[in-house]
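This structure is in structure tokens; I'll ask about it shortly.
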Amino acid sequence: MTERVRQILSCYESENPGVKASLARMLNHGTLAGTGRMVILPVDQGFEHGAARSFAPNPPGYDPHYHFRLAIEAGCNAYAAPLGFLEAGASTFAGEVPLILKLNNHEVLHDEKDPISVQTGSVAAALRLGCCAIGYTIYPGSSQAGRMYEQVRGLAEEAKSAGLAVVIWSYPRGSGLSKEGETAMDVCAYAAQIAAQLGADVIKVKLPTAHLEQDAARKVYEKEKIPIGTLTERVRHVVQSSFDGRRIVIFSGGAKTADAELLEQARAIRDGGGFGSIMGRNAFQRPKAEAVALLRSVMDIYKK
Amino acid sequence: MTERVRQILSCYESENPGVKASLARMLNHGTLAGTGRMVILPVDQGFEHGAARSFAPNPPGYDPHYHFRLAIEAGCNAYAAPLGFLEAGASTFAGEVPLILKLNNHEVLHDEKDPISVQTGSVAAALRLGCCAIGYTIYPGSSQAGRMYEQVRGLAEEAKSAGLAVVIWSYPRGSGLSKEGETAMDVCAYAAQIAAQLGADVIKVKLPTAHLEQDAARKVYEKEKIPIGTLTERVRHVVQSSFDGRRIVIFSGGAKTADAELLEQARAIRDGGGFGSIMGRNAFQRPKAEAVALLRSVMDIYKK
Amino acid sequence: MTERVRQILSCYESENPGVKASLARMLNHGTLAGTGRMVILPVDQGFEHGAARSFAPNPPGYDPHYHFRLAIEAGCNAYAAPLGFLEAGASTFAGEVPLILKLNNHEVLHDEKDPISVQTGSVAAALRLGCCAIGYTIYPGSSQAGRMYEQVRGLAEEAKSAGLAVVIWSYPRGSGLSKEGETAMDVCAYAAQIAAQLGADVIKVKLPTAHLEQDAARKVYEKEKIPIGTLTERVRHVVQSSFDGRRIVIFSGGAKTADAELLEQARAIRDGGGFGSIMGRNAFQRPKAEAVALLRSVMDIYKK
Amino acid sequence: MTERVRQILSCYESENPGVKASLARMLNHGTLAGTGRMVILPVDQGFEHGAARSFAPNPPGYDPHYHFRLAIEAGCNAYAAPLGFLEAGASTFAGEVPLILKLNNHEVLHDEKDPISVQTGSVAAALRLGCCAIGYTIYPGSSQAGRMYEQVRGLAEEAKSAGLAVVIWSYPRGSGLSKEGETAMDVCAYAAQIAAQLGADVIKVKLPTAHLEQDAARKVYEKEKIPIGTLTERVRHVVQSSFDGRRIVIFSGGAKTADAELLEQARAIRDGGGFGSIMGRNAFQRPKAEAVALLRSVMDIYKK
Amino acid sequence: MTERVRQILSCYESENPGVKASLARMLNHGTLAGTGRMVILPVDQGFEHGAARSFAPNPPGYDPHYHFRLAIEAGCNAYAAPLGFLEAGASTFAGEVPLILKLNNHEVLHDEKDPISVQTGSVAAALRLGCCAIGYTIYPGSSQAGRMYEQVRGLAEEAKSAGLAVVIWSYPRGSGLSKEGETAMDVCAYAAQIAAQLGADVIKVKLPTAHLEQDAARKVYEKEKIPIGTLTERVRHVVQSSFDGRRIVIFSGGAKTADAELLEQARAIRDGGGFGSIMGRNAFQRPKAEAVALLRSVMDIYKK
């Protein structure tokens, strides 16, 4: 147990030992074990975008076992997926990689301005499958956000009482926001704060742009001269907005991105005090050897 | 126990022995026992379309016992129906054919753009009636899809814990889709993926056309050159989208079809790696002798 | 479905279709499928007498998989065992042989005049393991019999509501009986009646001797000239005492017996209208090939 | 225990001793202990307005520990915050300041005319974190007010049965009111009455203006010549409307205000018979030393 | 994941992935990670014999943290203790060593011929404390054994459904046995069999002597010429009696023993196919450096 991991765990002062042990399992697993940094592989794209859009670029990914192997070979800290994908491999790979059961999901067959992600798994299933955490997505900015806040409140309480950690994907979307606003600096920091206040142990947000969406917020950012010019500064502000570094906050890149840019982002996350990345499509949509190499390059940056 | 059935069961690695035994009961019953292929008789038309539209073409079908006899004589792997139909014959035919209790149903007395199929049975009823599986319909594309996903999540968890397998009918419908889109290649493969992610042991979808409904999907199909020109290729893509063959996926024909076409479809299902058919109206809406003959012809194709 | 099985099932007129289907699964499985006769392999000796006394005579029996294989190869109608033994093989052999989870067990490390067999399994476990019945032992004649009657009442109610059949081992023992009395004609018939009255679907008793234990009973047997001179007559009387043939009653031989005697017993069971045998030590305490041969010889007798 | 506190507690005659003890813990803590007056520090701004708008003016406030320290150093009677903020410090500061878990929250990423504040905490969490009260916001005037009344009813019942006091933030808002009406005299007094009728032990309202919003109310205020010309008179009317002083009612100032005005308000609250203040942004959005000084000045007024 | 561990896990075919992962966590932790062998540190002596008898020989052991440190420094696969001892350190050492919550305990302040160990912990506590298994003691041979069998049945079912493994201490004791009989070969093998049949994932028994306690058993051991002359042979027979090696069985030495003898025992356990040791008093009743050295010497033997 490194000093850094011990320090991180000490911030979770109200969690029971089971939740702390679950966080420790993720922090002490894989290539980044003990560094206090994390790279998580999430594969919920099949549900979110459909099978072909997710896996046709790298067809071995149609097979659920592929993603377990990818996470294990790359030394990811954890692998996150919906019920079906975990059920299809949790026995074969029992004990080989920390698992996060994604408890809600959303698909795009019905368009809506104000999306909701519905419950597709349970705390009982997470325990039965040997997971160390549950995952849940909220959409701040959607008119249906309240229903998700209330649902994750109950699920988080149940999960924590059983020693499972809680990972919240906080993705601003919905009629309350412009498209640009979904990744705006103020909105992203706000989304991180909401997840933290809801009791998230690990917060996952998108990397923010320098755009400021809400008038009331813009005034404050300008008046207080909050530095958000560089990605590093913006990451630092998100970390600050996540209880001043007392909660693990990791960043996702979204759609497929050029490698150089991904590595640049990782450096900014590291330099801004971020805790790591969650990389899905950029990992599983390329051949495994390439994906492992890329993930290792990102991890190398975090190790420094 | 044939090697093929053993291989199929091994894909259900996180299911308890009870669920595996229920799957084995279906796979090892009837004319196709041991082949790894299935033909299921579903008769939920009475609820879905009304009695006359369902049974007037072949009046003996008004009698619930008729369908048990049809499934038994034809050697179907299972017979699926709503509560009332099963209650009306489950005692007389106890142990003669694996039963699937359809847990939700939809009727057409109230038209709506965004349909929902409501719960009409329970896991307790399925156990009481001696079923080996529950069935549930989802309508991806309906604005009410989320409610069905959440409901089947809970029912599936309850069913599996009692050793029942879970069959999901995944039928895209609703205001999110064009009429043509309901059977589009991309939508059908997406629907199969959603069912698999929800934890379905057996997935039932419609045979897809070569139409591509969603722009985002079309780009991927074209860029990755996914072969979908022939029905065999499209079946293969659905199987791939169902966890790369790790989940049993069977196909329905829908409305009454010419026999030659049905047999042609069965050959495509077989050649594309599909696991079989679910044939309702094409079976029970013709005289029993003819129906048995047709079902046997389909089974003969699957046996090869 | 043979006429004979249909006739037997018709006697279970108050059971739900699930229980009937479970009985049908046992009656229609294996070498005796459809005959209305059953041979069940029970292996609870490990718990009841210890591992060495049970399995040293045929050491492959230490392995739980051995007994599944023996039951399958011999074509037994069902295999009955305690929780641990079923858990150790129920997945590998899912769907290959009907299973009965023995819900209570007794060991001989503490001597007592009035034995009780305690609960070691549950209805939930039986469902999870894919069983078609629960098994339960009662000891009529023990001062603790009442506790077992009350426990099996609750378990049977729960089991039947979930479609599981109920098999009661009715073995008279305890301070109320002499050693000879445990297999006395009057006591054995009484034990069968008690099991039937408790709601047993299948009753298992020991083959009775001509001894009459209780004075009050002896007077009646003599006054009414009940024929009990031959084993066939005694079997007939037990069947009569089990609701005049409306309940399946099968017989156990107990300790290892000479083959000729076993076959003689089988003929008497058959001729007296018994429904079959439950053979444990006589089967699994000899090499598998011999055991299969013996079981087949017994089944040959029952087929006639 | 002072006579004044005893007198206040005697008004809560139907509450169980646990709720009374919780009220006593707040009334007997900090600088105002025993005076019957309270100053509470609430920090739910992070959720309500986002992290930067809340904490950028005084960046140490990003850290949850800061607010515990502020409440303790200033000698506040209690500290109120949402789940995440309390979890992040409740263990470090256990027993140092009475805590109020804010059970519902509202964010401004999705604009709506009729706001609802959704549940983000639970009574179980309040107990687990060692709180002495739950807090809940209602929006009288919103079309969704009824859902909040029903939710707080259930939560209050649960909280009180476990000995927790209930604090209701009653903030008129929504399409039923003009902007000016939100702090109108009639509306504010009405809001206090609703909270009291819902079973609030402590009521929190905004300081009212002399505006009268509703015609039916204005007629009465004019006819009965209710004195509402000065702030002191308006406070007195709110206290009267809160069961004639039988319920603790405290006042919030809202956005950052000049110090002189704040002190003027405190004098009016005191002179009108109010029980104290709840000061958030005016406290935590300035350097800690200044905040402590200001809070102490307010307390000095209440002590007189 | 080594081949050996994978092979061991494959024997737990009916357990859910959570239980398998919990077993994997123990098998893959510490000095013996991946070897398929285990050394567990149990410290329930405080409850069982009192503080002074347990810890006076090495006073640092009065401090609960001491035993966590000892288990971690020695590289034990797991640390087992009652509720209080785990509560006193589970947060400080979260994630550093797999924990087993001992769910029942027995003290010696009231002497009895027929002991019972009573429930002192719960499955919920095990989850809250981050344990990977529950532990439970049964006393075959006690007239109260049945109550313990029934209790562990329920607790094991609950634990497994939540992904916790089940460790059963099977210690023959009570009026049914002579003192010598408690470690007799026949009794020890019987005790292992009972634990396995009750569903134990890991079985803990004492090393048996060559004594044979029960007449009925002695006849079989002599007739079948079961080799039990050496300790290695006796270990092999216990392994055989634990489902022929399909269940992990580990051995305890009991009271303080000379080191040479302990190492000799470890060699016998290894050569007889045993899975390891559980060493309490021989470890914690000596200075830590010596204890670590001894535990490492034992582990060195198991590594070969």
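Letters A, B, C, D and E mark the chains in the order given here, with residues in each chain numbered from 1 onward.
To be clear about the criterion, contacts are C-beta pairs under 8 Å (C-beta built on N, C-alpha and C of every residue); 3 or more make two chains touch, one makes a residue touch a chain.
As the structure is a prediction and not an experimental result, all values here were calculated from the model.
Common neighbours of subunit D and subunit E, by the contact definition above: A. Of all the chains shown, the one with its CA centroid nearest the global CA centroid is A. Annotation: the subunit A:subunit E pair of sequence copies touches via predominantly the same residues, more than half of the used numbers being shared. Of the two chain pairs considered here, C-E and B-C, the higher C-beta contact count falls to C-E.
Of all the chains, the one whose CA centre sits at the greatest distance from that of subunit E is D.
Inter-chain spacing, taken between the CA centroids of subunit A and subunit D, is 35 Å. Subunit B and subunit C have CA centres that are 39 Å apart.
Remark: subunit C and subunit D have CA centroids separated by 71 Å (rounded to whole angstrom).
Subunit E has residues 13-14, 16-17 in contact with two or more other chains.
Taken as a graph of touching chains, this assembly fits none of the simple shapes: it is neither a line, a ring, a star nor a complete graph. Contact between chains, using the touch rule, shows up for A-B, A-D, A-E, B-C, B-E, C-E. Put simply, subunit E touches subunit A in their complex at residues 1, 9, 16-25, 27-28, 90-91, 94-96, 124, 127-131, 161-163.
Touching subunit E in their complex are the following residues of subunit B: 13-14, 16-17. On the side of subunit C, the complex with subunit E involves touching residues 46-47, 49-53, 56-57, 59, 62-64, 82-92, 105, 107-112, 116, 118-122, 124-125, 128-129. By the touch rule above, subunit A contacts subunit D in their complex via residues 11, 13-15, 114, 140-143, 145-147, 149-150, 153-154, 157, 172, 174-177, 186-187, 189-194, 196-200, 214, 216-217, 220-221, 224, 226, 237, 240-241, 243-244, 246-247.
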